[in-house]
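These are the structures, in structure tokens.
Paired with chain B in one complex and with chain C in the other, chain A is shared by the two complexes that follow.
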Partner chain A sequence: MMDITKNFFEFIGLPVSYTVDQSALADRSRELQKTLHPDRYAHLSDREQRMAVQYMSFLNEGIATLRSPLLRAQYLLSLRGIDTESESSTAVDPMFLMQQMELRERLEEIPELEDPYTELDALQVEVQGMLKALREQFAQNYQDEALSVATESVRKMQFLEKLVVEIERLEDRLDG
Partner chain B sequence: MAYSEKVIDHYENPRNVGKMNDKDANVGTGMVGAPACGDVMRLQIKVSDDGIIEDAKFKTYGCGSAIASSSLITEWVKGMSLEEAAELKNTAIAEELALPPVKIHCSVLAEDAIKAAVADYKEKKSK
Partner chain C sequence: MALLQIAEPGQSEAPHQHKLAVGIDLGTTNSLVASVKSGEAVTIPDIDGQHLLPSVVRYMPCGNHLVGAEARTYAASDPDNTIISVKRLMGRGVSDLKTLGDEAPYQFDINDGGMPYIKTAAGNKSPVQVSADILKTLVARAEEALGGELTGAVITVPAYFDDAQRQATKDAATLANIKVLRLLNEPTAAAVAYGLDQGKEGIIAVYDLGGGTFDISILRLNKGVFEVLSTGGDSALGGDDLDLALAEWIAQQLGVDIDGNSVSRYLMEKSKQAKEVLSGADEATIDLEIKGHKQSITVSRAQFDELVSPLVKRTIRACRRALKDASVEAEDVLEVVMVGGSTRVPLVREEVKQFFAREPHIKIDPDCVVAVGASIQADVLAGNKPDSGMLLLDVIPLSLGIETMGGLTEKIIHRNTSIPVARAQEFTTYQDGQTAMAIHVVQGERELVSDCRSLARFVLRGIPPMAAGAAKIRVTYQVDADGLLGVHAKELTSGVESSIQVKPSYGLGDVEIAEMLKASYLNAAEDKDVRALREQQVDADRLIVSLQDALVADGKQLLSADEYAALESEIEKLIELRNGSDLIAIERGVAALSKASDEYASRRMDHSIQKALQGHSIDELGESE
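And then the complex of A and B:
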């Protein structure tokens, strides 16, 4: 029944889709974590115990992937042979890059503001809004098999997720 | 991962950071980005009437190697003709900065940026 040559969706028992029912994911995860818990295999042979550990780590990677909107999108593309995580292509829509530059410049100026928190919050809201729109576009395009458009959305998500990391880093710095 | 001394030097004292007016007819702007790591780079050149790059500015949001690559290339292109600048190869940058294989893409970004800036300038002039 357990087969780690399956993809994460099939392994966990959810449809292969960008839209994931997070409560169903949580339920299935709990069940599988119980079934696959290495303690249940303690009485079995070394080989079977090793298998159990392998299943568990596959499951945990699968759960993390299906939970994260970015990892999930990257994974769905990778199932179709598209790798957006290590490609060195730099062909990105110049208007989008211009906007990314401006957002980063705004972030850079925040520490000098009298009220940095208000602007930081505004920036965070704006960036999250852009991410949400990209996720919706991706869901639709992936479903419609418009893979090159879907890939473009994921590349944009990667730039924005990086910015979110930078925003959070500044938040920590201001709080510290 | 250890950065070479040259990378650290450019990272700590980046040359030619700044922005030019991209509406200026003599300014060419190259915007490039690396989706895999989320780095964004803007490289601008100011070109004289006889086709020589008089000045170059950059702004890079990215890792030390990306900043160093763009800083170095702005130094190199000053005084070059557009043709010479467009022929610069990332391998020369990578070699000068002693970039490790995992950071070669940062030098590719800088090469793409100067090519994009030259192309932008030429397109402006052809209008």
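And then the complex of A and C:
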């Protein structure tokens, strides 16, 4: 029944862009959540409640997407018909892959170190730095309509985001 | 306007009549029901004036059962048939029972689904049924006191309850024939009772020392949204332990043997009374009669404090851990709310005050505060306060994920995501010619599936044979506003799909619930057809009233004159049907009017979105109330 033809940016009332004013996003999200929350419709008919759940779910997914630098980039490309999430990826720069393998080896060796936390922090900082650079590249390339280069940046971000998850998991295990 | 004449004399509700809605605190030791009456939220007592209903059910060979204080008197003499602390079993499987240790002394009957049934004299009872019996008692009490049928209830659950435990709670309500307006987190309810949702933004700590458990929750309040940052506590430490410490001391002083069951129960009861006296006085005198021998002993506040101090310190340590988990400092905490009868103990208040460096909120009776908060939300959700600006936005407490290769978890919806929410992810087959895919839904933060809670498994069948990696399976997780999950899987190239409302692996199936409900109708000797007709009429009324309200509010603005007139005549048609007694005709009429007004409903939704985006003026009005 729900016909939401708007994309997340339009729905939330922000320009379609990689750069998102996070405080404006928070404000607008809050206004819309207050309007669309199913609690507002709890005393009305089932149809209103169902619609509210659908709209609110769309909104909350939109908020989560626009908040996350990776999801946002993937979403912008998907609006242009580029699917970055499927496994069948185009080749990624071999230099980058080499670097990834080295980073992973470093991660694997951390538990054996005498002071694992120092190395863990160093790795964390390094990976975050790389991610930041990739986000900046993406923003520029996307703006310049250099979509294939932008797509490659997103694929690299995906690799690094997975590494971030693994770093956090190792941290949990060490704290464990 | 003639349209408003839809109430049947003496039968159905008039539009905008005050709806009866309650808040229910379904507790481990005690349960309560509260409602907003004449603008004030109050707990409802039973005919003897007791507000607390002990969460105890005793099943008897004749098939009847007792609930509450009377049932509790049999806890020692008839332990197999007297079910206490059933909340600990909600949403739990057979494998979880071992971890409960000696907590659950009952005889269990293990069924195929792995759900534990408790063997009682009145037959096998699931924890959901036992909870439903407690809920029914509370609802009967409320309907008696309020003088009418309830529209619905807000039921509270601990913040750390996972999907299985929440679903089990909702199933219990369904079984008790209660419409659940919302499942609400207990600490959030306590904060609402104090009106904290209206006030400042910041960190709120809810310190809940119940009879048998201690819970500490750290919440963040941001623009009316309560987010659970962390929860902690000790499931084996409660107010009863304070009583026990005193009872042991008395036994030691008097040289009595505490091992004898009846003596220890007696001493516990006396100690509990002394604890309550000491909350207001500097000393308490305890008169005892043990084996015909009368004795008296006096305990001072200082003596009592010394006895319970190690226990109180343990709760403070749990508070420290919860703050650490939430990554906040004690001085960041803006408000502290006290819940649970034992927070009346002066030492508890003192230690909490010192630790958080601020006065805790104690104005509302700590036994009632959760139910009171729930009733305030129930009143809003029932539609009694159309101008209320109150909105509780909730987040999911634990991430929802899916099992991937090698027994690893892939998160689909991360913890602390606002709900309701839907999120889809694509997967593929890993073998050539694979025609089915098993989907295992899990909840938790850990990397290994075996460390997370298994919520459900289902299989998507009928995938056309393809090369490995060629199939595209889109798995969608949809979480509703109560935090309950539905999962849908679809193979995109062929369109084959499958979905389930996630039922905990050890919950009741929909069929089981329907059958139990049917049985209960039969027992109640209520004519099923009459009931069905009434429910259908209520459905029709809701649709009619909400459309009429909508037309008054913005019908002229959003509809052309022709559309307006057409809709009015459709409404008239349903009113006519609704006043008749043809169940099927009313059902069709509701469907027809829904369809006729779908476009209008969408326009209204879009219109409110536009208004929300245009500025904050509407909302600021709401908040200044």
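Observations on the structure shown:
Convention: the second predicted complex is superposed on the first by the 170 of 176 C-alpha atoms of A that agree within 3 Å, B and C clash if a C-alpha of one lies under 4 Å from a C-alpha of the other, contacts with A are read in each partner's own complex, and residues count from 1 in each chain.
Just so we're on the same page, a contact is a pair of C-beta atoms (placed from the backbone, for glycine too) under 8 Å apart; a residue touches a chain by one contact, two chains touch by 3 or more.
Computed from a prediction, not measured in an experiment: that's the story for all the values here.
Of the two partner chains placed by superposition, A:E126 touches none, neither chain B nor chain C.
Contacts of A:F159 after superposition on the shared chain: chain B is touched, whereas chain C is not.
When the two complexes are overlaid on their common chain A, residue A:L44 makes contact with chain C while staying clear of chain B. Of the two partner chains placed by the overlay, neither chain B nor chain C lies in contact with A:D144. Shared-chain residue A:T84: touches chain B; no touch with chain C.
After overlaying the two complexes on the shared chain, residue contacts for A:Q33 are found with chain C alone; chain B is out of touch.
Taking chain A as the reference chain, the count of touched residues is higher for C when chain B and chain C are set side by side. Of the two partner chains placed by the overlay, only chain B lies in contact with A:R104; chain C stays clear of it. Looking at chain A, you'll find residues 85-88 touch chain B in one structure and chain C in the other.
The touching residues of chain A, when paired with chain B in their complex, are 84-90, 92, 94, 97-98, 100-101, 104-105, 155-156, 158-159, 161-163, 166.
The part of chain A that touches chain C in the complex is made up of residues 1-3, 11, 13, 28, 30-40, 42-48, 51-53, 55-58, 60-61, 63-64, 85-88, 169.
Per the touch definition, chain C reaches chain A in the complex via residues 19, 181-182, 223-225, 380-383, 391-393, 414, 417-423, 425-426, 428, 447, 469, 472, 478, 480-481, 539, 542-543, 546-547, 594, 597-598, 601-602, 605, 608-609, 611-613, 616, 619.
Remark: chain B residues 31-40, 42, 59, 61, 105, 108-109, 112 touch chain A in the complex.
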